[in-house]
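Note that chain A is present in both complexes that follow, paired respectively with chain B and with chain C.
For the complex of A and B:
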């Protein structure tokens, strides 16, 4: 049975970047660099168009594609399915859009962009799109690995740099181990149910109270995704990978790949486990882990002076907030998180690209070495400061809107105090970025001293990423940064977008609707109009966190801490302790991974003991 | 007997993770990761195994007369092996580069990425 054009779009959105990646590989042997740039850009724009068409096609329900025409009979199936709803299509759109901006930034200039860069970027994109569009747990693992392997290779693209290969190795080892644990969980689920599709799995588990095997499978399956999402204490790889990866790759990793982990957690829980593992247990577990992640991320973010690591830890802090938003387990919470993710992706992408500009001009990423060297005349200055304020939640930016909606969902779920957490985390991370921007661009405050050898945080990159240090900023780079920032603001200004995300979140959390539409082609019930928009309390809390960020940044710039004192030495000892845990040692990271898995298993398993 | 296979699978994953944890050599860490992954092969094959089951080969027109083992998990294990080959190759290539740039493959001596 032919289901029309829409159901062809989903496989095409995955296949097209893969085919184009092969084409780029063939072409780049004999053609000029310009042609590879062009082909990759065409592929990314086409993928963006296809995902946008999918967003339009999923307005009133889901688009279901059985590959090879292996349709289910009487609800039983042997085929592999892609199930697209509005949020997954939106995620694919985000990934393709960020890839366009990253490719635009590396257009002609980036030295790293020789050779296999373009092909790897397209494979990365294909992996991410497949990951969000699939309706099958094992295929999710396969796309997870595809996106993982391309990301590992892209991180280690500068193979002559010692840091680069080490960061890539840490990233690859820890993420692969997490993925294999996920596969164990998938195997256990298959042993129990004989199914792999989300809809079929959810139907088989429905009504079964959670026993040891189901809890074990849930924890194992989610561990891989949570490693990717950089949930503490499995977040260590993220800063290592971000500090060494080429700048455009950081945009993709921080903006969308890490958030895919949270997406997968939400998808798997809501479609497969929602009826067997009680919501309050999952809620408590992920609230706890989210709070821990947000705390560790904010603390480490503020303590950094390596700009890329600073941004990386700010991503970890925000992932903590996303996990908290997921843990509310309400459509409004999901809508808030989705908007927050999009807004955060634009802002964080722009910040990474701006930091990349600094690296290309001044060959340094250290807040102290860059102190006052750029000057306030450069357009980058105001973009950086605006992005810092948007990160702190300035209304009407995208991150501010996402934060406001999530805070309201938290109050509705009975956790009004979470608003304080959201304000504090966004204020502290925003303040860290603001402080760095004011120092680097405007030379405000006192100059941080040279790095003490004991605190050496990764050797400085010696080379710019472009072939020569840039004298002036190429227009393509500025356009890419401007597009990302503008995208992030648009999220907070256009009500239709928030409405669509709100409706999409209702579809996303409707397990019965997912099952009926995927297996029996029952059209989805229309979603009610969403009220996801700015409220007065949201605007006030956004303004509060922005002002708080300015105050914290001002204090850290202008108030010299007392040289001695009991409180100060306690504080320094505390920060130093947390910092020493981030050892860069792969063995430590594996130990933390296993510890984190045990904690999660205890948080979910212990309350379910009879 | 089935329990035994599951126990072996779990043991392999843990021993592999332990190998990375205690590793003093990145090649050993890479191979340990492969050992951990072997646990997933054993688990998948054990899940689909049938005593006295035949290979799942059918031809049109003939109805199968005996139990067969589950081909789905075998396909999953094959995919898993492909993934493993890619990851192992990439990790070994990175290890070579680490040896070239750091002149060591001992994770204890790689101190570049602290804090």
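For the complex of A and C:
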């Protein structure tokens, strides 16, 4: 049965980067670096085009593709289904777009490890695209592993520095542990239902009150995704990995890979477990975990002076906000989070690339060592400060819009106080970045002292990522940064985008519609026009968090370290305690992972005990 | 964290998870019942495509997309390992040493087993759609066969008989062919990774359509990948060394 072009798009978007990665692998022995760059870029652009076509094709519903032509009979099939709605297609677009920018940044300059870099980047992209397009739990796990494996290798690419391998190892071990737990959860579900597709699983579990197996399966399956999403206390690997990963890889990890954990959580809960595990229980559990994650992330972000670590912790803080947005369990909340994710990806990607420029020119990532060295004339200066303000939620930037819509959804769900959390978290993380920018580029405030001896993974990179230290900034790098920033602003300025995301979120949370369209090819009911756009309160709250960020940054620039025994010194000792938990010791991380999983199990399981 | 604190946190977490897991396992269906939804769907589907080995039908026909993903995971790990174990600036090739003693019986057995192992590998790959086995298993056997050379003699003889580039190409091209075979189905309008080849007659060598083709492709990819993977570790452990630094000589 041939369903026309639209249903071909999804498998093409997965297969194309794979084939091109193999092509790069085969030609890299004798071809020049430039050909590898070109092939990888062509593949990424083509994947972006296919994903964009999928966004257009899912305007009025979902695009359903049964692989192998195993179309269901009476709602049953042995095959794997890809079910694409506007949010998943949008995520694929984001992944492909960020890959384009990352490849543009590394064009000709970045040391490429004999073309392995390009092949791995394309396989990473294929993994991410497959992960969001699939409608099958086990298939999702396969692509989860693919993006994991390629990301582990990419993170450790600078093998000359031992820390790089250490950070990559922490990343690989913790994420693999999470993945094994996920696999156990999938096994439990399969034992009960004999099915693996989201729609079939949801139909099988519908009407069953949550028992031990369902709760256990939900917790185990989501742990892998939550480790990837860096939910506290399973977030420790993220900063280590970001501190050592090549800069373009940081862009992909912070911008889209981590957020895919939240995507998978939402997808799995809304399609499989929504009818058996009551919404209030899930809401309370993930509000709690989200608040914890946001608090730890903001605190650690502000306490950093290693620029990549600072940005990594800001990502953790924002993941906390995304988890809170998911916990609202409303289409508006999801739409807000989706816009926030896109806006955040652009800003965070640009910031990472700017920091990468500093590393390539000055061979340092430390706020103190870079103090005042760059100068305010460089275009990077103004891009960095603008990105810091956008991260704080400056209207009309993308993060600001996402934040505003999520805040309104929170008020509508009965949690108006969450606006305070959103404002505080974006102000503190924005302030940390702003402080770093003002110090590094403009030499404001006092110079931070020398680095304390306590060793952190990736604390002192010795070499630039390019083959030689850069004397001036290549145009390709600046264009990549500009494109990311512009993309982030566009999200907050073009109403059509927000409306599309709003409609997509309605489809995303419609379990019955998902089931009917995936298994019985029932066309989706048209979604109502979305009202997701700036409101006055949103603009005011965005302005408030921006001003607050400036105030905090200003204070932190001009305040000297306190005397011993002073109130502030005791506060710093408190921060120091949290900081010491981030030890780089893999045993600690494993212990916290299990502890976090147990806490989540308690939060969801205990209220459901008969 | 101190050792004690770590153990405490770990113990609390593990205990909590164990309780949850006990509840979950208690909810499992009893072992050995005749009720199994997926089996009831998968066996007729395998017969419909004239595939005698139902497991192969699930792997290479019904859920071939998973297998494509798994093969690409292998490809990704091999590339990743090659990237992480590449010689760094500080490392140089170790000068060839004659040394190490291999007993004649080991050499003899290795040489005798080499052709046998290759044949078994090829057999396991070729009959993957009929009997237990298939591309993944056969590929591992084939990769093992090449390394009998290492057992039989010196590392250099393995190196000479192993043009690594070829294996990299084999691996890359066969992984790509898996995806391309999938795209052929798409181009014919039957769906990505559809079983579009002629199905043949049940239980004969030429049956099951694309299943044996994908088995061969996977076997080549796994064999190539295995060789390249082991070569990286060999190269790191045997083939290279760090020139002595001033500290280690003093």
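FYI, the second predicted complex is superposed on the first by the 596 of 610 C-alpha atoms of A that agree within 3 Å, B and C clash if a C-alpha of one lies under 4 Å from a C-alpha of the other, contacts with A are read in each partner's own complex, and residues count from 1 in each chain.
The rule is short, and it goes like this: a residue touches a chain if its C-beta (ideal position, glycine included) is under 8 Å from a C-beta of that chain, and two chains touch if they have at least 3 such contacts.
In this text, all values refer to a predicted model and were calculated from it rather than measured experimentally.
In the superposed model, A:343 makes contact with neither chain B nor chain C. By the touch criterion defined above, A:243 lies against chain B but remains apart from chain C after alignment on the C-alpha atoms of chain A.
In the superposed model, A:163 lies in contact with chain B only, and not with chain C. Of the two partner chains, neither chain B nor chain C is touched by A:502.
In the superposed model, A:68 lies in contact with chain C only, and not with chain B.
By the touch criterion defined above, A:586 reaches chain B but does not reach chain C. Of the two partners chain B and chain C, it is C that touches the larger number of chain A residues.
In the superposed pair of complexes, A:464 makes contact with neither chain B nor chain C. Contacts of A:594 after superposition on the shared chain: both chain B and chain C are touched. Touch criterion met: A:176 reaches chain B, while chain C stays clear of it.
In the superposition on chain A, the residues of chain A contacted by chain B and by chain C overlap at 138, 142, 145, 149, 152-153, 156, 159-160, 165, 168, 188, 190-191, 196, 580, 583, 585, 587, 590-591, 593-594. Remark: chain B residues 9, 13, 16-17, 20-23, 26, 29-30, 33, 36-37, 39-40, 43-44, 47, 72-73, 76, 79-80, 83, 86-87, 90-91, 94-95, 97-98, 101-102, 107-108, 110-115 touch chain A in the complex. Those residues of chain A that touch chain B in the shared complex are 138, 142, 145, 149, 152-153, 156, 159-163, 165-170, 172-173, 176-177, 179-181, 183-184, 186-188, 190-191, 196, 239-240, 243-244, 303-304, 309, 455-459, 579-580, 582-587, 590-591, 593-594. The touching residues of chain A, counted against chain C in their complex, run 2, 8, 11-12, 15, 18-19, 21-23, 25-26, 29, 65-70, 76-80, 113-114, 116-117, 119-120, 123, 126-127, 130, 138-139, 142-143, 145-146, 149-150, 152-154, 156-157, 159-160, 165, 168, 188, 190-196, 211-217, 219-220, 580-581, 583, 585, 587-588, 590-599, 601-602, 605. Residues 1, 6-7, 9-10, 12-17, 19-29, 36-39, 41-42, 45, 58, 61-66, 68-70, 72-73, 75-77, 79-86, 88-90, 165, 168-169, 171-173, 175-176, 179-180, 182-183, 185-186, 189-195 of chain C are the ones that touch chain A when the two sit in their complex.
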